[in-house]
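I am attaching a structure below and will ask some questions about it afterwards.
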Amino acid sequence: MFQKEIQVLDRGFVRLIDHMGSDLSVVNAARVSFGKRKEALDDGDAKLIRYLSAHEHTSPFRHTAMTFHVKAPIFVFRQWMKHRIASEFNEISGRYVEFAEDEYFVPELFRKQAKVNKQGSEGEIDAANRDRARAAYLESCRGAVAHYKELIELGVCREQARCVLPLGLYSEVYWTVSLQAVAHFIRLRSDSHAQWEIQQYAAAVRQAVEPLYPVSLAALLDLEKG
Amino acid sequence: MFQKEIQVLDRGFVRLIDHMGSDLSVVNAARVSFGKRKEALDDGDAKLIRYLSAHEHTSPFRHTAMTFHVKAPIFVFRQWMKHRIASEFNEISGRYVEFAEDEYFVPELFRKQAKVNKQGSEGEIDAANRDRARAAYLESCRGAVAHYKELIELGVCREQARCVLPLGLYSEVYWTVSLQAVAHFIRLRSDSHAQWEIQQYAAAVRQAVEPLYPVSLAALLDLEKG
Amino acid sequence: MFQKEIQVLDRGFVRLIDHMGSDLSVVNAARVSFGKRKEALDDGDAKLIRYLSAHEHTSPFRHTAMTFHVKAPIFVFRQWMKHRIASEFNEISGRYVEFAEDEYFVPELFRKQAKVNKQGSEGEIDAANRDRARAAYLESCRGAVAHYKELIELGVCREQARCVLPLGLYSEVYWTVSLQAVAHFIRLRSDSHAQWEIQQYAAAVRQAVEPLYPVSLAALLDLEKG
Amino acid sequence: MFQKEIQVLDRGFVRLIDHMGSDLSVVNAARVSFGKRKEALDDGDAKLIRYLSAHEHTSPFRHTAMTFHVKAPIFVFRQWMKHRIASEFNEISGRYVEFAEDEYFVPELFRKQAKVNKQGSEGEIDAANRDRARAAYLESCRGAVAHYKELIELGVCREQARCVLPLGLYSEVYWTVSLQAVAHFIRLRSDSHAQWEIQQYAAAVRQAVEPLYPVSLAALLDLEKG
C-alpha cells in the first residue's frame, strides 16, 4: 500500500502511507458480529452505513485509521491542527533541521480582501498592483531566508534563528486520523468559507481517502451537509 | 477571580482568567462521597492525593478546569499545541485581524547552537557577532512587517499577506485544561531540554496554578519526576 | 454554588456540584478579547453565540466545565459512558464498597417490546401480566442481593461476589464535561429513541445546566436539531 | 491478517482482527522521513524507539492502530472502559439482542477478601465454604437468567428485562486503540493490584500485540515500569 503523492499548491503534497479497515470494518464494528468477516459489501451493508451516519451512531466509523504524509505551508498546518480530536501530528522540527532555501509558498495569484466577509477574500487584486505585490512578497521571503542563514552563520542556534522565518514556509507532517475525523476535516475545509489554500489540501485528502472507504465517506459527508 | 498578568519574555504574558475546583475537588471525586463537601483539607486528604498520583489514579485530577489567556510568539504556541490532550485552544486569527506593528519577539541574547544536543542551544554567541546578529534579526522582522503592510495596501487579503510574517510574531490564545494536563505541560516544558523561551511560559503557568491546587500540583509534579 | 439534587427514577438523582464559565466565557473565548471581560451579555453577544453554533465553530463552547454528581442504575451508566469524548467519570467501586441492600432500580411500569423498532419499547405490557412481571423482577433482584450477601459471609471477596449483582443496581458517579459535550449528551439522550430511563436523566441534566449557560445551550441544541 | 482467538477465563476470548503499522511506522513518524520507508528495522532504529519512550516523546507511538474483538464479563468491561483516551468501543447491545442462556462467568475458585488492601483479594476461601459458595453463585445466576426469560415471555421489553441480569454476564466488544494506549492498558491491568480476572485479559492482549510491535511495546512497558 503505497500511494503516489498528490501535488498541492506550488511545492506541497498529500500522500496516504498507511490505513486500517474498509467499509466492511464499519459494518462489522456496528454488528459486533461473531467471528464472521464478510468479504464483500452487499446492499444491506451500504444501507446500514447510511443509517448509522444519519442517526449519528458514529462510533463504528472510528474503528478505522489512516496515516498521511503531508507537506504544506505553516499557516495551513496552523489551521489544520485545530482538528485535534482523534488526530495525531508529528511535524518536522525547526530546532533539529535547518530549513531549505526557497521552500516557501508563493501564491499563483493574489486575492483581494473580501468586503462583506471580514475573514475572507474574493477575486484578484487590481491588475496595476499585481507585479508589485509579487515582488514585495518575494523580497520579503528572500530577505527572511537570507537573514536566517546569516544568523546561523553568526553562530545563532536554529531554535532562535527560525523566529525570522515566514509563516509561508513549508513544513512536513505525519497525520493519523480515524475516518470520522477525516470526514469532518474534509467537510469543514472544503467549505467555500475556508481559505482557498487549505481547500486544495482538503480536496487532495478526499481524493486519497475515497477509494478506500467509498460508502462510508459518502455517508459521512452527506450527513454533515444536512 | 481575576489574576494579574504574569509578564513573560519581552511582550508576552500568562493570566489565569477562570478555574473550577481545588484540592478538595480531587479528593471528593476520588471518594465520590455522598453529598459531603468538606471545607478544609486535612492531612488524610493530602495523603490520599499523593497516593492517587503515585499509583496513577489520575482521573480525579481531571475533575478540574482552568482557562488561561496567553500572549506568546507563534513558534512558542506551535510547541505548546503539541499538548493537545484534554486541552482547548482559541487563537487570534490572522484572517480577521491585521497584525500590529512591532509585535514580534526579540531575544535579549542570542544563544549558540549546542554541540552535542542537535536540537538545543548553549551559552551566548561570540561577542564579536552579537551586534550584527541583533541587527540582522531586527532588519528581517522589520522588513517582513513592512512588506506585510505594503501587501495590505496593494489590496492583498490578510489571509495571504500574513504568509510573509515571521514565526517570532506574537499571538494570543485562550487555553483551557485540566489540572492533570497542566501538570504534564509544566513538567515537560520546564525541563532543561525544552527551548528556553517556552521554559519561561511553563514557569509562569506554574506560578499561576500553584496557589489554587497546591497539594495536587506538587503530587503530580513529584510523581512525574520519578 | 451548591445545587439541590434533582430526583430521577425511584432512587436516583442529578446534582451539579461545580462549574466554570458562563455565556460570557464563550463570547470572550471566541473574541480572545484583550483583557476585557464584559459583565453583561448584550444582543450582539447572543447573536455571536448563535453564529458560532450554526457554523460549527464549537471550540469556544469548550472553554467551560461542569461537574455533576449522579446516582443512576448501572445499565444507565453503561449507555452514559459511551459519551466519552471530553468527559471524565469517577465511579463508586464494587471492589471497595459493599453494596447497600435494596439499592436497585424498580420500574414503575413495564413496557412492551416494540414491534417495528428492534431496540425500542412501547406502551405497557398486558394488564394480565403486570403483577407477575413485577413479582418476577423483585424476586430476581432480591435473590441476587441475598446471594451476594451470602457470598460475602462465606468469605468471598467483594470483587468476585459482585458478579451476581444485577444491572439495575444503583451506582454513583462524578461526571465532568464541557458545555459542548453536555449539549451533545442532552440531545442524543432526550431523543424519543433513547431508552425512557436515560431520557429522564437527560432532562434532569438539562434542568441543571440551563440556568448557567442559557443562550449557549439553546444555540447548541438548536443547531443539532438542524 | 486474521489471528486466532486467545481463550480467556471460562468463556471469553481476545482476538486481534486488524492493525496498522509496525515498529517501522513509529520510527518513520518520529523521523518524518521524506518518502523513505525502510524495509527492515536496524539497531539504530531500535535505539531511537527506546530513546523516544524514555524521553516521553510518545506521539510517534500513536501513528498505529489495532482493533480487537473481545468477549468478557460486563464487570471486566466496566474496568476496561476506564481506559477511554484514544480508545473506541462498540459493544453488543442488550436492547437489540436477547442474551444467551448460561453466558455468565463462573470463577474456577473463590478468593478471600484481602485483609490489608481494601479493594483486593488473596488466597482461596476456607475449604468448608467452597461448595456452598459455588452453589450460591450458580443459583443466583441461574435465577437471574430464568427471571429474565420469564420477563421476556410476559412481554417486557429487552431494555427493561435486562436490569435483572448479573454483572458476570458475558458481552462482546470491538476495541480500537493506538499502541501507546494498549501499552498503558497492559501495564495497569497486568499489575498485581488489578483484579485477577482482568489480568488474564491484559496477558491475552499482550500476547496478541507483541509479535506486531515487539521493540516498541517492550520500550513502552519498560519506561512505564521506571
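Things to note:
Labels A, B, C and D are assigned to the chains in the order they are written; within every chain, residues are numbered from 1.
Methods note: a residue touches a chain if its C-beta (ideal position, glycine included) is under 8 Å from a C-beta of that chain, and two chains touch if they have at least 3 such contacts.
Quick caveat: nothing in here was measured; it's all calculated off a predicted structure.
The chains in contact with chain A and with chain B alike are C, D.
Over half of the residue numbers at the interface between copies chain C and chain D are found on both sides, making the touching surfaces mostly the same. Matching CA atoms, the turn from chain A to chain D amounts to 180°, rounded to the nearest 5.
Put simply, the C-alpha centre of chain A and that of chain C have 36 angstrom between them.
Between chain C and chain D the centroid-to-centroid distance comes to 26 Å (mean Cα coordinates, whole Å). Contact of a single residue of chain D with at least two other chains is seen at positions 59, 82, 89. If you sketch which chains touch which, every chain touches every other chain without exception.
Residues of chain C touching chain B in their complex: 2, 5, 15, 17-21, 25, 28-30, 32, 34-35, 37, 59-60, 62-67, 69, 88-92, 172-174, 176, 178. Put simply, chain D touches chain C in their complex at residues 73-75, 78, 81-82, 84, 87, 89, 93-96, 104-105, 107, 110-114, 118-121, 125-126, 129, 132-133, 136-137, 139-141, 143-144, 147-148, 150-152, 154-160, 162-169, 195.
Chain contact summary for the complex, chain A toward chain C: residues 55-56, 59, 82, 85, 188, 193, 226.
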